[in-house]
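To start, the structure under review is shown below, and the notes come after it.
Each chain gets a letter, A, B, C, D and E, in the order it is written, and its residues are counted from 1.
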Amino acid sequence: MTTSTALLAVSDVTRRFGSLRAVDGLSFDVAAGEIVGLLGPNGSGKTTMMNLVSGALKPDAGTIRLAGHDIAGLPANRIACHGIARTFQLVRVLPSMNCLDNVKAGLGFGAQPTWGAAADSKAEALLERVGMAHRRLTLGKELTYMDQKRLELARALALQPRLLLLDEWLAGLNPSELVEAIELLRKVRGEGVTMVMVEHVMDAIRSLCDRCVIMNAGVKIAEGTPAEALAEPEVVRAYLGDDAHA
Amino acid sequence: MAFLDALLNGLTLGGMYALVAMGLTLQYGVARIMNLSYGEFLIAAAFSAYWLFQVQAINPLLALLLVVPVAFGANWLIYQLMLHPLVRRSRDRGELEVNSILATFGLLFVIQGLVLLLFGSNYFSYTYISNVFMIAGSPIAADRLLAVGVAVVLGTALYLLLVRTRPGTALRAVSVDPRAAQLAGIDVRAASAMAFALGGGLVAASGVLVSMFTTFNASMGVVFTMKALIVVIMGGAGHLLGALAAGLILGLVESFVAVYVAPGLTLAATFTLFLLVLLIRPTGMMGRAGA
Amino acid sequence: VALSLPAMADDLPESIRIGYAVSDTGPYAGGAGTTITPNYKLWVEEVNQAGGIRVGDRQLPIEVVAYDDRSSSEEAVRAVERLINQDEVHFVLPPWGTALNLAVAPVLHRAGYPHLAVTAVSDRQQDLMDRWPRLFFFLSTSSHYAEGIVTMLEELRESGEIEGRVAMVNVADQFGIELANAARALLQEADFDVVYSQSYPPGTQDMQGIINSARQRDPEAFLAFSYPPETIAITDQAQTLGFNPPLFYTAVGTAFPLFKNRFGDNVEGVLGIGGVDTDSEVMVDYIERHTEMTGQAPDLWASAPTYASLQVLQQAIERAGSIDHEQVVAEMENGTFDTVLGEITLEGRAYWEGWQVGQWQDGVFRAIGPSDREGAAEIVLPKPDWR
Amino acid sequence: MTTNARSTLLGAILLLAGVIGFALLPGFVGGYGLSMAINFLMFAILATAWAMFSGPSGYVSLATVAFFGIGAYTVAVLGEQLPWGAVLLLSAAIAFLVALLVGLSTLRLRGVYFVIFSFGLAELIRQVVNWYESTQAGSVGRYVFLDITQEQIVWQLTAVLALLFIVGWLIERSRVGFALRMIGDDETVALHCGVNITLIKVLVFSLSAAFMALVGAIVAPRWTYLDPSIAFNPNISFQVLIMALLGGARRLYGPLLGVIPMVLLFEYLSSSFPQLFSILLGITFLAIVYMVPHGVAGLIEGYVQRYRERFPGRRAGENLQKESAL
Amino acid sequence: MLELRNVSAAYGQHLALQGIDLQVRVGEMVVMLGANGAGKSTLLSVISGQVPARSGSEVQLEGIDLLGLPPHEVVEAGIALVPEGRGIFGAMTVRENLLLGAYPKRARAAERRSLERVMTLFPKLEERLGQVAGTMSGGEQQMVAIGRALMSAPRLLLLDEPSLGLSPLMAGELFKALERIREIEVSVLFVEQNARKSLAIADRGYLIENGAVVGEGTAEGLLADDAVQQAYLGLAKSA
């Protein structure tokens, strides 16, 4: 059901690859200001769902509404202009551009494009914010994995999104880095950005998400607060495994 | 009657295209060298066959036994001395493509210049076999049939080599992902050199065979390079069977258009087909989607 | 503005510098390498062996500057400009083919050089000569050649040897199309039954489709207005497919030594453009010299005119007693010259008397048309079976 | 003054000097000099236009000659009927439209598939023109008898080159140019940043095609006679590609740095060693490829960077990025 | 068996490793912990011959010098690496991937036996031998990658963040599998972010920071260490 408060409303979305139904009649809502975790075993269709929302893939069936507008099947650039930004599971920075330009890439073409001197100063500020100011002239391809992830976030934020999609953005951080990163995301949410995040790091999910949607084989198997959803036996069986309780 | 004629003709022609393209699938598909001098090697082999036949009275089939190993060796050296440094200095596949285009463009001129120096710019042609077979009342030239036969034999042998044997699987692994191949203990440099040299041997074989029934001169290499590239790309880079199929299809189209539409549109038709295939399948007939 | 070099008889150079840029590489290289380059070399060697060209009371040897135009119009234009401006050659010999001759014509014209466009064939010959007053042609127009073969067909029909079913194909480039258009019009006018008429794009390698289609229509005469590689391919595939009409005609390349080398005895009876009069001693002698010096037999269509054009140039210079372009051109326009083609004149700045049709007979490409000209051999019909 | 503004000014001065130089050239050199100038200008425009699109986007096109040929054919068909200016505009417009169609149809292709596709496309256009001319127009060759002098050709090409540099500069510093670079780096990212990649690619591609057509149109009268194999000679595409790559396709001035040595090299070798031209060209070319790995532009930038590193007072390498030839 | 002495490496100007000393003994399982960009992956790349070390560095496997050997010869010497991002042949089947693992000469004779061993270690792969590896889920791909490394009959296995991107269930299975690998007498050197779990199965550990070793010890010792708890187990304790 699409409620009037939902920023993102996904209903009955299906996407096939050949005979495989990667996403199979999935529905869920995300209210404005919320952080929703999208969880599930490997290959359950999480990234595919993110791709459908961001426009990287077109759904075979179903609707995806952003603040009431149906965006299903629109090209990704149009969706970006509607206010959805994302990061990628396999990090994607612009390899031959420096960090400043990478962020300007997010500034120049979104809903409220900024260019010229204004863009320069905004880009500097965004780099500062993700802790990358000292790397401003380093090329994308020369950054470490983590720095690339930071840069990706800065670029996504540059679009001034209403909805931010994070695909395993926290993967590969060690616990103390995780604390920093979670802090950063909290701040971003504090500025009114709604988020959907795919993550396998349960600590992060528990401390960040308001709600979780849990998928398996393309369908939703549980939904609710992290505590509720992660306690469902089906979820434990398919996703967490026994020693998650340890 | 006309149909059978066109069919047989298309198959022989297509066999020749497939034959010509086979070496390039290895050189480009496995060794990742976009070899612009490919056709020059073919022409050089054709001239060698001509010289061996006319001057040394060695027939082209025996010439294969001479020319192919020499070409294999020469290409192996070229890879080791000339191309490997490019592979080392290129940071990604795109850069290697640009570098190999530039380098083999230089090589093209060197080989063409040597052939010019030795043979001049004239057309050459000779007759070795002029027998004709009849298949269901349609004539078919023995030399062409031979070329197709060799294409099929080489194609099958190569396919089995790549799919059934350990070194072949290693070659395919290199073509799929050179970095991962290293980790699997494969000597990527040796494998690439082998693939490039095998490709060189194949193109030499096709040069010898093609010389039996076409007229050639020192400047014609680029014609074969482009034909081979089109066949390879249409089939899907690195896919041997794709190249075979693409070659046959192009041959058939050319033949049927000549008979049923107009000979003036044969080349236009093959290019149209090629472009359509790419528009429908951007990575060629057998190419992996999203690759 | 004509910039002809000041060349008074008394301040003659030590040698005559002659420049040419022909296609050593690229698609025209085959034609140039067969027809043009060997003749240039032969002529220069012969003249220099004889002490040079006689200008006034002096014998001036020839000095050659040669470039490769790489079959490109732009290269040809620049190479000729280089020859004229940088190398300051006294005369420029023409490149191969209609396209390149037309490309360099304005350059030669501006600089005031004579232009002996031997291998250019165009139906707009007159037009071009009007435009460029020092331009000479040595091969007739395309229609002229078409006329040659069609006239021959008419004669054969009159004598009852054929009824009149003709199949024709042509290469879709300028020369091929002009030939085909002219032939088609003439054939229709003369009420022939054209059972097959198609064109194919330049660069076509496979001719089986065409031969098969033609064969199925069972023509008595098969005319291919083709270029050397296709001439070979067509003949080759006609043999393969057992297509043996009484009259088998292929155009450019039939007269090449290559053709004979390739097909041996099977050339017997094949018709083509050009031909030589084997009764002419000068011609026979020329063929021998050419074969001896360059290691290859001449093209039996355009080689002799090429060589003849050089003889014309030499004789014009000798008669003018000067290398002044205007004087030389005047001699060429008005004189009679002793060449391998016999005594020729260039009235109206073109040589019209060349052979139109030849046929391989007993291993020689003999001239057979126009049949009423002296030296023409009898046509052999029907052509013998392929072996 | 920032490095950026300084290099812009330097560029403007060089451009102006170049224009004046070429404009005055006919007064100083003879026919051969002009011929060289034309050859140089011709490839300079083609390679710069090529790199304007292919450099940043990474789409290596072999269709250059398709647009060049379209320009030449426009002149051959309409040259005598319309005023010269109109012919030029029309040739650019036709090429722009054709490129638009081509661009829209080839969006899904990447890498070598695009390279060969663009080659196939140029050949297809040649075949179609050939077929049309031979069956519909009745003759394949066309005569171009226009009284345009060498000087005029030099002037016109100079003007086009200057215009191209201005347009290229404007694009490079605009969002369009930036977007094109993003596309070259990662199309998916560009798309998700809100870039209408179709529009950008097609726009710049078509613009570069229009310039290529202008070159074809301007030099066509020089050749007097045109047929499809002359106007659509694939060697032109190859030469342009090679020159641009050699110079460095990532910079506006990069291709120029490739055109100069290549034109001189071709000329030197073909005039001094006509018999060994091919072999020497090949060897020299290989030597360049191995000794100048990042293109001439890369070489020069390397020097500049080393200079700056030695004198760090001047804001070391603010705008410099290490990069490959493409 | 593996002995690193004073290993340094650089990317251009940037010094990524400075004077690392490290050992792995026969049959041991050793974990490397460290922040992002510390140089862990670089170290594994140096050992496997993909990144050149600076002069003065020493890498020895049972007394044999490894530095300067190309990657495939390092594999031949008995070291297999499972890199970040897995490095499997996505377009080939699981069977082909595994058999390619046995490409080194040292592994050929034992190919059949190795395959059986991998099958018992990862029963899931046995059902999927014919599947194209690229279409498998992340965890299964990780199994293929480890399986392939094991096929080369290694004496030492190097794993770079093997649990990255795996669901908790998969990660759990992976750690179980790692414990089983030890049973077949292969030494393991691996990088992990999940310090708690990795120290639970490892014998010893190294702490890497800014390209240098800043601490080492037995797994129990490290787990108990205050500094380690703060830096690598911090959040886990609070949550």
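Assume contacts are C-beta pairs under 8 Å (C-beta built on N, C-alpha and C of every residue); 3 or more make two chains touch, one makes a residue touch a chain.
What you see is a predicted model, and the numbers here were worked out from it, not measured in a lab.
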Chains contacting each of subunit C and subunit D, listed by label | B
Using each chain's Cα centroid, which is most distant from the centroid of subunit D?
-> E
For subunit A and subunit C, what's the span in angstrom between their mean Cα positions?
-> 74
Express in whole angstrom the distance between the two chain centres, defined as the mean CA positions of subunit A and subunit D.
-> 42
Between the Cα centroids of subunit B and subunit C the separation in whole angstrom comes to 36
Whole-Å gap between the CA centroids of subunit D and subunit E = 50
For subunit E, write out the residues touching at least two other chains, lowest number first.
-> none
Note: subunit A residues in touch with at least two other chains are none
Residues of subunit D touching at least two other chains | 127, 130-131, 134-135, 275, 277-278
Of all possible chain pairs, which ones touch?
-> A-D, A-E, B-C, B-D, B-E, C-D
Within their complex, state which residues of subunit B touch subunit C.
-> 1-2, 5-6, 9, 12-13, 112, 116, 120-127, 130, 132, 139-141, 144, 213-215, 217-219, 223, 254-259, 262-264, 266-268
Flag every residue of subunit D that touches subunit B in the complex, lowest number first.
-> 58, 60, 105-106, 108-113, 116-117, 119-121, 123-124, 127-128, 130-131, 134-135, 234, 238, 241-242, 245-246, 275-286, 289-290, 293, 324-326
Report the residues of subunit C in contact with subunit D in the complex, numbered from low to high.
-> 24-27, 66-68, 70, 72-75, 77-79, 81-82, 84-86, 98-99, 102-103, 105-107, 110-111, 124, 131, 172-174, 176-178, 181, 199, 201-202
Can you check the complex and tell me which residues of subunit E touch subunit B?
-> 48, 50, 70-73, 75-76, 80-81, 83, 87-92, 96, 99-101, 103-104, 107-108, 148-149, 152
Subunit E-facing residues of subunit B, complex | 166, 169-170, 172-173, 176-177, 179-189, 288, 291
